[in-house]
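What follows is a structure written as structure tokens; I'll ask about it next.
Read from first to last, the chains carry the letters A, B and C; within each, the first residue is number 1.
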Amino acid sequence: MGNGTETELKKCTILSSIIDNKYRAQIPEIVDRIANSCSDKKCFDHVDAAIIPSRESMIDIIDLIKDVLFPGYFGDQTVDRSILPYHIGNEVTILFERLSKQITDSIIHECGRYEENCAECIERGQEETLKFLEKIPYIRSMLASDVIAAYDGDPAAKSYDEIIFSYPGIFAMTVYRSAHELHRQGISIIPRIMTEHAHSLVGIDIHPGARIGEGFFIDHGTGVVIGETCRIGKNVRVYQGVTLGSLSFPKDETGNLIRGEKRHPTIEDDVIVYSNATILGGDTVIGARSVIGGNVWLTRSVPPDTKVVIEEPHLIFKEKH
Amino acid sequence: MGNGTETELKKCTILSSIIDNKYRAQIPEIVDRIANSCSDKKCFDHVDAAIIPSRESMIDIIDLIKDVLFPGYFGDQTVDRSILPYHIGNEVTILFERLSKQITDSIIHECGRYEENCAECIERGQEETLKFLEKIPYIRSMLASDVIAAYDGDPAAKSYDEIIFSYPGIFAMTVYRSAHELHRQGISIIPRIMTEHAHSLVGIDIHPGARIGEGFFIDHGTGVVIGETCRIGKNVRVYQGVTLGSLSFPKDETGNLIRGEKRHPTIEDDVIVYSNATILGGDTVIGARSVIGGNVWLTRSVPPDTKVVIEEPHLIFKEKH
Amino acid sequence: MGNGTETELKKCTILSSIIDNKYRAQIPEIVDRIANSCSDKKCFDHVDAAIIPSRESMIDIIDLIKDVLFPGYFGDQTVDRSILPYHIGNEVTILFERLSKQITDSIIHECGRYEENCAECIERGQEETLKFLEKIPYIRSMLASDVIAAYDGDPAAKSYDEIIFSYPGIFAMTVYRSAHELHRQGISIIPRIMTEHAHSLVGIDIHPGARIGEGFFIDHGTGVVIGETCRIGKNVRVYQGVTLGSLSFPKDETGNLIRGEKRHPTIEDDVIVYSNATILGGDTVIGARSVIGGNVWLTRSVPPDTKVVIEEPHLIFKEKH
């Protein structure tokens, strides 16, 4: 490219910043139309509405929770035993401040309570936050069982540290196990924001309502879907692309979806589900110690100690011409 | 771990910052080799090239667009009705500034116009930005239909707000519907940067060239691929892992790929496509109100009101020894 | 919503910040319990441990590497030929500083060497960093072949620039090709942190230990899994959802997993693997120029020039009642 062009390029860059903005003059009219489009009831806005939890704040809070659950692994600080109580004390205090704000906002948002007793909402926000913090040692021990399950289930794993640092399944479980506890406390919106954040980062979609026992290992994980009413036992292992989903959506007599009913399968202890298998239905029970092969599509129950494999589909081998 | 070790650790940390950098001396030679490797024509650089749109800026712009499309939901500010016009006015003005810079850069980059009439490019950049802003009320109403479709299609959805806050499919559609309008205006690079950003966040890969009617709902979504020349009607619902793809790649007589031809299927109104189904080919038409079952692999058309399910593959149940 | 409510809302917001924090008083007790839960050996912490590599720093370093590998494409600066050596010189110097810190930390962490000869670890950290920087021209040429393969393999690709800017497969390969070189040098933890970062961004999970020849193209990519001991030849193309995985996990006589053995398939030159195909096993070899159809499940070898397609499963077409 010649010098002439380079000069032209520079001229263009300068021009670009000084050229007359004749189109800017039309902005006010556009703004009017956009603002008015909010009032035609066909669009969604969140104007004049109650305080709402913030997605951005929840993402920061997830980082804090991760650091409290695995002290010394994340963050830029080396932690030694002597300062550990201060370190955790500091993090838990910040966590209390931030999480209680979000939980309170979600309570106020949910019940529209601001027309009633506002102080009660705020108090409940703090109470629920404390209840969550009290569960941290329990969540830690559950996650420790998940880390050990990953090491025992993956020959590519070199150390526990590598798993905690880099395994997407552990991140998904860290977020899910925290969100699930908030979900059990009846907190709305926040648990789903949390698990959808993990879903967006690692492609593993676990509804906060699912119940999952200790020692759960998700390998690779992209595309895994675990539905709201799943019940999963201890030491279960699933691979990428596994769906534990619903088979049909019951509707009430007026044609509206019935929400909350058990629609997703039950997986008993020590089951392995290989990649891209799909297990559907609220009455489907996979018996303990069973192995579900890759690509299997299951909509009925399986007794304990069963191995289910797909009959290998006939492959056609052709010589390329 | 004993105190000796801790002391050693500290010594090591200090040493690490003062140790003689004898390897640094070799950096200039490495830099030379890297810089020279740019001129051997086998590598890609973007040196001496025209202004280019910035991926980072486009990500900020997507956040702005999201806030204009769903006022009050995102961002850290509560919006009330009285200040709504100012709020939107402010956001739209910033959006105009930033987006017109990116669009202008993409126009300059695309046509290599800087050798010609630079002012014209800049003017077209602003004109196209304005054209896009004018479509915002339309995009909002399309997205509102998508939110309603999500609520009507998912028993796990608790409220419209939860859907807007956390559903990956709504985020993907927000970005796709915006990028599609820019794509229709003939803007290059930017629409694809936008949809690939959404793809990276939520695992849903919609080409900005696809045409999608109102009330489109993608549930879970990880692994969904919707190709460039798809045509999708109204009120269609698809699940995770669904591919609407191409069957073969026609080449011209010189063996080069023919670009732009219709290679992806047409999905008519009110169709449901369950998880991991694959529908391929530019001549494939799925008739209105049809239901395509999970894991189905389809390369031919289906008449309206048809239910297509895979013949359940034979499963082998073995007792584990 | 009436004014009364708005006033109530404002009151509530103010109250929320002044209300008595009676729950705060319980934090110290909770902190104690959390800190103690670290010592029961059932939880993981990284307290009193050696310096560890930082995930956050590695993400910054990946951005730097990307900019050195594709000068002028990313970042906010237009680069022209005359300043190119300074630009690269500056970036490579920063890269050396930051990467050598992380590599050193990973070496110290890995060998627990801080009890021995600390200076040696630090020296090796710098030496390995330099070794990596020397490979940059090679990595660039490999990536250039990947970009060309993407253009030649995707009719939707409009330009090389669009591919470099926005294709998730190119990002995954940029990170993998860099991480693989560090992995070959025996650096621990860091390569896996790098590829898991890419996995999290684009849903493509390539183990840094896999060996992949030039001209590799991953289209769409979500759900792709390429295992640790894969061997992939030149000009191979794979689509979304393809798994190149292991068939079984050999254990030693004490029941522990054997790590490091070849468990993943070999793919020879010029092979194409279509979406959601699964190829498993360390002894499985896909011969050169073969084409593996979508959804195929393969656990045995295929001779060169073979086309393998799944026998189309019987579809049941029902008229909807």
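Operating definition for what follows: contacts are C-beta pairs under 8 Å (C-beta built on N, C-alpha and C of every residue); 3 or more make two chains touch, one makes a residue touch a chain.
If you want to know which protein each chain is, UniProt gives these names: A, B, C = Serine acetyltransferase.
As the structure is a prediction and not an experimental result, all values here were calculated from the model.
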Checklist line | Rotation, 0 to 180 degrees and nearest 5, that superposes subunit A (Serine acetyltransferase) on copy subunit B (Serine acetyltransferase) via CA atoms | finding: 120
Next item on the list: Count the residue numbers both subunit A (Serine acetyltransferase) and subunit C (Serine acetyltransferase) use at their shared interface, divide by all numbers used there, and answer same if that is over half, different if under half.
Entry: different
Margin query: Rounded to a whole Å, what is the gap between the Cα centroids of subunit A (Serine acetyltransferase) and subunit C (Serine acetyltransferase)?
Written below: 20
Next item on the list: Would you please write down the residue numbers of subunit A (Serine acetyltransferase) that are in contact with two or more other chains?
Entry: 6, 48, 51, 80, 203, 222-223, 241, 276, 295, 310, 313
Check: Touching subunit A (Serine acetyltransferase) in the complex: which residues of subunit B (Serine acetyltransferase)?
Finding: 6, 48-51, 68, 70-74, 76, 78-81, 84-85, 88-89, 92-93, 96, 100-101, 104, 108, 114-115, 118-119, 121-123, 126-127, 129-130, 133-134, 136-137, 140-141, 143-144, 147, 152, 154-162, 164-168, 201-203, 220, 222-223, 240-241, 275-276, 294-295, 310, 312-320
Check: In their shared complex, at which residues does subunit A (Serine acetyltransferase) touch subunit B (Serine acetyltransferase)?
Finding: 1, 5-6, 8-9, 11-13, 15-16, 19, 21-24, 26-28, 30-38, 40, 42-49, 51-57, 80, 109, 188-189, 192-193, 196, 199-200, 203, 205, 207, 209, 222-223, 225, 227-228, 241, 243, 245-246, 249-250, 257-261, 263, 276, 278, 280, 289-291, 295-298, 302, 305-311, 313
